[in-house]
Amino acid sequence: LSSGQPESDKNQVRVVFFANVNHAVPIVGLENGEFAKELGSTAIKTRVVDSGPEVIEALFTKSADLGYLGPAPFVIGYVKSKTDDIKILSGAASGGASFVIQKDSTISTAADLDGKKIAAPFVGNTQDVSLRHYLAEHNLKPRESGGTVTVYNIANPEIYTIFAKGDIDAAWVPEPTATMLVEQLGGKRLFQEEDTWPDGKFSSVLLVGRTEFLEKHPDVVAKWVAANTNTVNWIKENPDKTESIFIDFYKKYTGKKLDENIIHDAFSHIQITSEPIQNSISIFAERAYGLGYLGHSGYNLDHIYYDVNNGTVGGTSWQN
Amino acid sequence: MAKLEAKNIVKYFDHDGQQLRALGGINLVVEEGDFICLVGPSGCGKSTFLRIVAGLQKPEEGQILLDNRPIVSTGPDRILVFQEGALFPWLKVRDNVEFGLKIAGIPESERHEISKRYLDMMDLTKFANSYTYQLSTGMRQRVAIARALVMDPEVLLMDEPFAALDAQTRDTLLVEMQMIWQKTKKTIVFVTHSVSEATVLGNKVAIFTHRPSTIKKIVNIENKRPRLSEDDSLMKYQQEILAELRPEVKLKEDAE
Amino acid sequence: MAKLEAKNIVKYFDHDGQQLRALGGINLVVEEGDFICLVGPSGCGKSTFLRIVAGLQKPEEGQILLDNRPIVSTGPDRILVFQEGALFPWLKVRDNVEFGLKIAGIPESERHEISKRYLDMMDLTKFANSYTYQLSTGMRQRVAIARALVMDPEVLLMDEPFAALDAQTRDTLLVEMQMIWQKTKKTIVFVTHSVSEATVLGNKVAIFTHRPSTIKKIVNIENKRPRLSEDDSLMKYQQEILAELRPEVKLKEDAE
Amino acid sequence: MKPSVLAKKIAFFVGIVLVWQALDSANVWPDKIFPSPLEVGESLWYGASNGTLFYGIGTSLWRLAIGLSIAIAGGITLGVFMARVETVNQTIGSIVLGLQSIPSVAWSPLAIVWFGLTDAGVIFVTVAGAIFSVTINTYTGVKNINPDYIAAAQNMGAKGGQLITKVLVPAAFPYMISGFKQGWAFAWRGVIGAELLFSFLGLGFLLNVGRQLSDVSQVIAMMLVIMIIGIVIDGLIFKRLEDKVMSRWGLR
Amino acid sequence: MKPSVLAKKIAFFVGIVLVWQALDSANVWPDKIFPSPLEVGESLWYGASNGTLFYGIGTSLWRLAIGLSIAIAGGITLGVFMARVETVNQTIGSIVLGLQSIPSVAWSPLAIVWFGLTDAGVIFVTVAGAIFSVTINTYTGVKNINPDYIAAAQNMGAKGGQLITKVLVPAAFPYMISGFKQGWAFAWRGVIGAELLFSFLGLGFLLNVGRQLSDVSQVIAMMLVIMIIGIVIDGLIFKRLEDKVMSRWGLR
């Protein structure tokens, strides 16, 4: 099983991330050469995927070494691996998800969601956990569990399509999809996800690594984390350039030209930060467990952090 | 009075682009209540003729008159019994027998009454609820005859119905057939390749020539019934018919 | 000297849980160069006996001696020709004939040489590259014999090889078979249900009893060759054999 | 089944589970890739106890039933027409053969665009996967009907619709059964495939959930369920129907 | 084909395209749901001219070839063993029947977990979809071999491996061909399904791209390509092979 992929050798690092605004750090850092500069002779191989589970699959099957993904899929993957196979290295973004309803919708409170059709990307995705937890909090159940709410777990571009067709009543989505639904399809942003969090802050993108790789190549990892932090700072200082880099990248990747205003607006809903916001990760884990995503016999998050300074794995908290 | 009359029936078939003249002008008069047997060399067109009479095929020339009126298509007045019976395997014996009645829209109770009569006549009552695969070949042939009789046709057309039977079964059915004819007074046109069968059954035997076939001769047989295959009195008719047939079979073999 | 000797061969078969005693103790001595024909009522175990000699089946009791040594399995010294030929349809005629040689690892050029000899003998050279479906039944039977002969077996076993042939083809092969035997001096054990065939071919004819079968009698036939089916001089042997066979066939029919 | 064969089978299956468990305990592959039979069992048990499993099975079977019914009705109609009207065969017939070779999942994207993420979309994929098998087998069946059946029925007065429903369809039934069997296999594939891609309720969705949660035990558990349903439907419905029809029609 | 039939077919297909175009022009459905034949043609032309189409076809066919080869080799081996060793049949045989009823797409999640988004994963799905058809047909074929063939070969000295390669396999070949045909159909379904789900190169990926970009012309264009490849492989390779083997083995 999972043979046939070459083990990453010393001179390369394979990284996966999404083509979302939340993933501005890897996108901008790769496009402006920050990562390449820091890593020197180590080659960088990248792959763009659509969902957290794909990042986990890539790491588990050793076809990637580092990845950017939301805290929920990370926690699910971590618990499933049972042997601390993946670790958090750093944060990359916070916030940046919204609950959007159709323009003429009468939804105003959670109770109104009874019998509605709501989309969120992929089961176990960060927005999916938030949505289902939100429903459960308000005593609503999805149809597959015998409830009344239809939850569609599909990719962001498709959420856009079916939102446009009016097939769904609402969507819990990350940026830039949320802003696109609002600006282009006339959707209403009912609330931002951070409004539902203590301190109005929650981690939305993490930089994680495969433990085996971290142990073998601490030097490469240290350089990557440094570049990650540098890029966070660069983005904070250069918001305009960040936006145009993102638009160029998106055009290159999908062939679609994004509206500048939308991207500008989308970025305004996100905080780019290298802090992983640890308490939000614990809360995500609790919520995911409540949804049955982490099995049914308890879970343990004692060793989820990697200590870059010491090059040791197995920290109980993040220190950078 | 002529019940059925064939007037100059001509039929062609397409064989690999070539025209094959199967029937070369058949003229035949069948009186009401006749039991007429048709014999002839294999491939001369006996089955084709029967199908034309039934209205299942159209002749290129000529016409068939029933009670002096030309026929235009198939009709319940002329029912054909096929060599293999052509029973429907998906229906029980009773439903096979009632098929034509059902098509005609006759209500169930009446249908059952009619079918019961003929199943009794054919000694099949015990098998009314069997499927055809559960019957012997002889029983199947009796079902086929019953299925034709319930339609109460004015003319019963039979195409070698006994060809696939073993000798014993055939002998039994030969007798039964004569009794049915005497009881029902039907006009019957019966195709067979067995001269002995023809002489046992028919009060007339019509001999077909080789293709393109015409009627060569009609032999009348007045012996009393029931006749049996082994009746010596039939020998002379058989010899007469065979003498007419032999040159035709020879012609056929030469052609091949 | 005894080439082949069967000593008290007993064989049982399982039939729906019941033991069926097919061979009830066969004792038979075949001399070097014998052409021995086995006849007996259908189902008495002739084919079974041949398969035991070939080593394809194991007897429950007794043993087969070849040159006084007991056989243990199949071997190229005893080659069986099957009733239907059992030719391989996926191979050309030549490859069919060479099959055993190929299995034995004989190099190609040598193989071709050997097969050519026997294809010539069997008048099959023109068809060396044909597939078996392109051959007539008689030609196929000749291929089967050639396939056996290339193995140069000490004993050739033949199980009703001519049963499926029409009379003309069979007569031709009967003569050819005698010529092959005279040319190759092989010991041949030949099963047939045709008494006439047995008397034409064999210098000995062994008669099997009904199940559980034993050898009832061996008839020696010294007439000069080539013999033909219609030879009057064979009549008396045929009558002798039939007289022995008739009660056995009767026994068999009673048992059924 | 003889007791010795049964014993052998039971021993074998117990053996498989034991070896599987042993492999798992020996940690040849990590749990996240290769779960133990216990974990798969737990997954099943959990799904059964909270009802999601039965709801999933019900949804998939319901879609299958509707899709297959439409495919059978449509396939028979199309097949009969192709067999009886030469022009239909020469034109539509050649398209049917082509459409038959499109994998049913390949219809999913179109179904999503046309029907959205609805039951109708899943059912469309199911129908598209199954209908052409039914059509082709019906066509072959009607073409192979003993012409005497048709002649006899016409002679007894059957024509038009009656000829079709009372003779053509029952006479072609043995072939059509093969079409149904093949059609059901494709329909089942279509349902699961569409549910996987639509990710909208049903067993295919549960399979996809297993994947997205990196929960291999759930993936294997759902595969087992899909397999068992396949065996049961095949064996209890189609195999029996086929045996019955074959012997009734005197083909065996 | 007779000229009149050909003319009818051509007229029909031209007719379809014209009606399609007319429907489009009449704007019964919006373009984004129901593209015109022109747009589909453009999609194809665009894919062909920048090479993505041929690269996609090449990738899918390459995966198909590898997967089908493995399935055929494995299926024959398994089938022969099942037919010749009763214990193997009583044990593994019953599993094979079950596995056969799992839709090939249902293997995709497991393939992703085990192999990641790699060619190996797609090929695994292809093999899983096709191997059991080949196995079952090989098994049936070997079981139905005229026992005289085997006896004759043994008599001439064949045993073990030689018996298998020189007699059992060629003798069972006509059945195996049906297995290959069925296997190929399932393999093709497996490749496209896996590519759709993995979204990783190949025609299934291009189909998925069309879906994700809501580009219905691309979706239909890719379906046409998949259909044509299906027809061509079926007609040129498997139909011919079957006809040849059937007549050679004297079965027709």
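Some notes on this structure:
Chains: A, B, C, D and E, in written order; residue numbering restarts at 1 for each.
Definition applied: a residue touches a chain if its C-beta (ideal position, glycine included) is under 8 Å from a C-beta of that chain, and two chains touch if they have at least 3 such contacts.
Quick caveat: nothing in here was measured; it's all calculated off a predicted structure.
Each step here moves to a touching chain, and the least such steps from chain B to chain E number 2. Shared contact partners of chain A and chain B, listed by label: D.
When every chain is reduced to the mean of its CA atoms, the largest separation from chain E belongs to B. The chain with its C-alpha centre at the largest distance from the centre of chain A is B. Our note on geometry: chain C versus chain E, Cα centroid distance of 48 Å, whole angstroms.
Taking each chain's centre as the mean of its C-alpha atoms, chain D lies 17 Å from chain E.
Centre-to-centre, using mean CA coordinates, chain A is 38 Å away from chain D. Centre-to-centre spacing of chain C and chain D amounts to 53 Å, using the average Cα coordinate of each chain. Multi-chain contact residues of chain B (touching two or more other chains) are absent. Taken residue by residue, chain D touches two or more other chains at 32-33, 112, 208, 211, 214, whereas all remaining positions touch fewer. In chain A, the residues touching two or more other chains are 1-2, 57, 60, 158. According to the touch criterion at the top of this document, the contacting chain pairs are A-D, A-E, B-D, C-E, D-E. Within the complex formed with chain E, the residues of chain C that make contact are 51, 54-56, 74-76, 78-80, 82, 84, 86, 88-91, 99-100, 102-104, 131-133, 147, 151.
Residue ranges on chain A touching chain D, taken from their complex, read 1-2, 51, 53, 56-57, 60, 76-77, 80-83, 85, 122-125, 143-146, 150, 152-154, 158, 162, 165, 167, 292-293, 295-296.
Chain contact summary for the complex, chain E toward chain A: residues 112-118, 120, 199, 211-214.
Contacts from chain D toward chain A in the complex involve residues 29-34, 42, 46, 50-52, 55-56, 112, 116-118, 198-201, 205-206, 208-209, 211-215. The part of chain E that touches chain D in the complex is made up of residues 5, 8-9, 12, 32-33, 87, 90-92, 94, 97-99, 101-110, 112-114, 185, 188-189, 192-193, 196-197, 204, 207-208, 210-211, 214, 216, 219-220, 222-223, 226-228, 230-231, 234.
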